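Sharing a structure here in structure tokens format.
For reference, chains read A, B, C and D in written order, and residue numbers begin at 1 within each chain.
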Amino acid sequence: MQINETSEISKFKPVIVAFCCNWCSYAGADLAGNNRLNYPADVKIIRLPCSCRVNPMFILRAFQKGADGVIICGCHPGDCHYTTGNYYARRRMTILFSMLDYLGIDRGRTRVEWVSAAEGAKFAATMNDFAETVIKLGPNKRLGDLRCRK
Amino acid sequence: MQEIMKQRASVLLQEGKVDRVLGWQAGVFVYDITPSVFTNAEDLDHGFVYNDFCGNNLSKYLVKESRKEGKVAVFLKPCDTYSFNQLIKENRILRDKVYVIGIECGGKADIEKIKADGIRGVTGITGEDDTYIVDTIYGSTQVSKSRVLLERCMNCKSKKHVVYDELIGDDGEVQVTDRFDMVEKLEKMSADERFEFWRGELSRCIRCNACRNVCPACTCEKCVFDNDDSGVAGKASADTFEENMYHIIRAFHVAGRCTDCGECSRVCPQNIPLHLLNRKGIKDINEYFGAFQAGEDCEAISPMTAFTKEDVEPGTLHTKGGN
Amino acid sequence: MRKLSLFNISKLYEMISDNKQLYLPVDNGAGQAGYKKWEYGMTMSQALNTVRSAKDFFFPQTENLVDFKMNGKNIEIIDTRSEAEDFVLFGVRACDARSFSILDKVFLSDPVDSFYKSRREHGTVITLSCTRPEETCFCTAFGIDPSNPEGDISSWIEDGDIYFEAITDKGAVLMDSFQSILDEADESAVETQKTETRKIMAKLPLADFNLDGFGDAALLEKFNSPKWAELSRTCLGCGTCTFVCPTCQCYDICDFDTGHEVKRFRCWDSCMYSDFTKMAHGNPRVTQMEKFRQRFMHKLVYFPANNNGEYGCVGCGRCLAKCPISMNIAKVAKKLGDN
Amino acid sequence: MIEETLIPKLGRVTDVRIDTPDVKTFRVVSPDGGKCFEHIPGQCAMLSIPGIGEAMFSITSSPTNTEYMEFSIKKCGCLTNWLHLMEPGQAIAIRGPYGNGFPVETDFRGKDLLFVAGGIGLAPLRSVINYVRHYRANYGTVDIVYGSRSKEDLVDYNEIIEEWSREEGVNVHLTIDRAQENWDGHVGFVPNYVKELGFDVNKTVIICGPPIMIKFTLAGLQELGFEKKQVYTTMELKMKCGVGKCGRCNIGGKYVCKDGPVFRCDQLDEMPNEY
């Protein structure tokens, strides 16, 4: 039984959607790539002008269409290209993720991280860590759409 | 009370102070009351009613009514004034076109709760202190008023009018409630239990949009769920996901603006406890960004359009609470 | 007429669900009734009626029509229809039973809706008489006798026994399958119940509800009535009345891209919604008044005009109980009617 | 399983013709060649691109054309924008035919016909015009009054000039809203032009165009002595099913998709004014 479980976990390839702000985190991801740092290929990056651009609907639709985890990356608080965008994002995501948790969606499936353009290593580490968490949680069954399963 | 209100409305109309009065109109039974606009004393005499079933929050109608020609008077219960204030703050109501008459409220009754014990064929309900005498075609029964109040009235947050031009009856005080009890109870459950709870409730949703359309915080000209151009619209309960999403997004969109007026739960044909979603938002805001009651003060800064540099990190929530 | 003691009713449920799906009204957590698939231990709700009507079983809120697979410039059309399973609806009231014949007029008229037809053919309806109607009931205005409901099999609960009578061939076949546990019964108990119920019906507050002055001839007069503005003034534009209504049958057809195929599904739609008639070049029903008018004109004027005077309402009273602002067909008919 | 009208058939676009800056005409055939289905002039079909949308379009080719069907479509919304990006070879989903069509074999037979069209309103009439031209002997003289904003906005301009106006017994009267270079024809709005031309009142009129044009042309025709029962028009409302069941395209008790889209103007008077 134990063996079965682990093998199933190792087989599970999660789909992770990362919303990255154009100015810091996307550049951070770029740096991670340039430095040949490893992070899971299952992370699909979506570039946004600012972490504050994330509409809660984006996150939910990502889950609907098969994402197992959603992570939002932006500039460190205080470093926003638009001065204050990430502060608003922070408040919004606090409320939204708390609400998702309240509905019984595992907390580990959502995350917000601040990654600067110079933090390629942090980007890779964050993604590795997040992917690991999501793999432990297994496939997203609670917020997925039955119609989207193959 | 009803007679005083009717009198006052009719004087206001006669004096020309207002052109219309927004109030409640009696129906066929004692409880099927319709919000209505009265323009003359005859109409008022004919149908104006104020009783324990006038639950409708009239403030949302003012978004449209205050943009019409002339001035409108409106009767607002204490909790309705919070919604009104919030709408003023959002520039949805033109304040100088509205004459607010605050009215005392002793809690509104829920006909479905009265009927829950198998009472059928209600022909009349008369109240005496804490007891209703319910006449039905099968005989008459008594029910305790405190047991059949609307959920929001059982946890009445305030008997104080936060805004009014004149007052009929007495102004009360902000109440101490345990309205977050159920939210806390849910928070303490495991994620699995919470998921089961909400699936049980939300799976009954028929996507009639009554909660949205009655909500004084939902005043968008075009709701995202109706707007095909948004790319994320969806009006069908095509999958369990769509039900979940509709309610999550709605709760999120009204976070920081919801006054907890409880209309969503009142109108839900499937009795889904939607207030529990909104109260979670209110509770979180109180907890993370400081105590805030939407609509209390129309000058206060709304928590979702503000920030501090020391705000809580969403990440820290992952290690908080049960589970 | 045959009867069964209520003590043995679960035996009956068991026998039916042995080879068919059995659905019956049961209490849900929120103190209301809804149809559920029977499982061992479930008992029928005491509520007069369910919140959602029984139309769901023939015309579900959403159903898949067809799938498409897109590949470059090519489209593959996949017919996903499958034969419906046999099912039995138990405890349907007279009003809902009539609503099926109204839906039939829409979906079985040419061209036949094959999705509806398949379900209709596979469903058997066991109706149950009403003995304690609500104040919101006005089915008698549409010639419905709640004490003697239509259906494939009619049933009556009286004094600890449930009486059955097969009405249609389909009903007779089903009744044969559980004939073994039924006893012979005479009709006197049922007849007494019918008389009693009819007496109560006459006492209801809406017993004098009538539709004099409605119908085809009054089309333009009713349509142009100035009273619509006042009636619809506080309508919220939600879809509660249409979604709880057993006869509302308007639907929308939408596409959903799952990422690997496109599913075309239909779902209930409401004439109360803002986008119901919205087109690229405009909307013929701009304000809520026109949308509101459409719903009631459809039921009381347009539908009878197209169906030999039969109204598109069965008087179940759901919209009376559920409308957030308590504006309903009874008030509309009264205000617009001759009386 | 029985035929289901809501399940579309496959069609393929074999040719895309640019008519005006915002109108293209698409030629559609079934995958094994030939037409997807037969129709009568004035009927419509539901075209859809899965995932984009589905909408009702009038079939602009004549049923006498045995090889293909044509649809003239103006770019105005989500689906039509997509259709305008299509290239030949694209598959589309198609179902139909829907609606009653024009009474070409009954009421129109042997009559002198007057067609009045504005802008894209020519689309449903083109089918009738070509049908009438094909069975020329069955009908009297044909007059076509067609107007648009500018010369470039005249749909099927080549066909009108090359074929229609050269045919015996067919008189074409073109007009554009504002004078422009390289246009020596009439300038002015359609309703006024109809009045100026002053037709014989024994003609049967078929009219289609923007609602405002229909309204004023109808008034003009009545001034000339025409009766409403001589005038036919074709309507359009939002449709989903095409078979009178989804419940949104009704004008009073009549469903445009099933009882229409062709109505006689005196019938419209009996219907509520909600279109």
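Observations on the structure shown:
Rule of thumb we're sticking to: a residue touches a chain if its C-beta (ideal position, glycine included) is under 8 Å from a C-beta of that chain, and two chains touch if they have at least 3 such contacts.
Computed from a predicted model, the values in this text were never measured in an experiment.
A count of C-beta contacts for the chain pairs A-C and B-C puts B-C on top. Here the CA centre of subunit A is 46 Å from the CA centre of subunit C. With centres taken as mean Cα positions, subunit D sits 52 Å from subunit A. Centre-to-centre spacing of subunit B and subunit C amounts to 30 Å, using the average Cα coordinate of each chain. Contact with two or more other chains is made by residues 252, 256, 269 of subunit C.
For subunit D, residues that reach two or more other chains under the stated contact definition are 78. Each of the following residues of subunit B touches two or more other chains: 228, 238.
Remark: the chains found to touch one another pair up as A-B, A-C, B-C, C-D. Within the complex, the subunit B residues that touch subunit A are 183, 186-187, 191-199, 224, 230, 232, 238-242, 244-245, 248-249, 251-252, 255-256, 277, 280-281, 284-285, 288-289, 303-307, 309, 311-315, 317-318, 321, 323. Touching subunit A in their complex are the following residues of subunit C: 256, 258-260, 263. Interface of subunit D with subunit C (complex): residues 1-10, 48, 50-54, 76-78, 80, 87, 89-93, 236-238, 240-241, 243-250, 252-253, 270, 272, 274-275. Residues 27-29, 31-37, 56, 61, 112, 116, 118, 120-123, 136-138, 200-201, 204, 206-210, 212-214, 222, 226, 228, 235-238, 263, 266-267, 269-272 of subunit B are the ones that touch subunit C when the two sit in their complex.
Residue ranges of subunit A in contact with subunit B, taken from their complex: 55-58, 60-61, 63-64, 77-78, 84, 87-88, 90-108, 110-113, 142-147.
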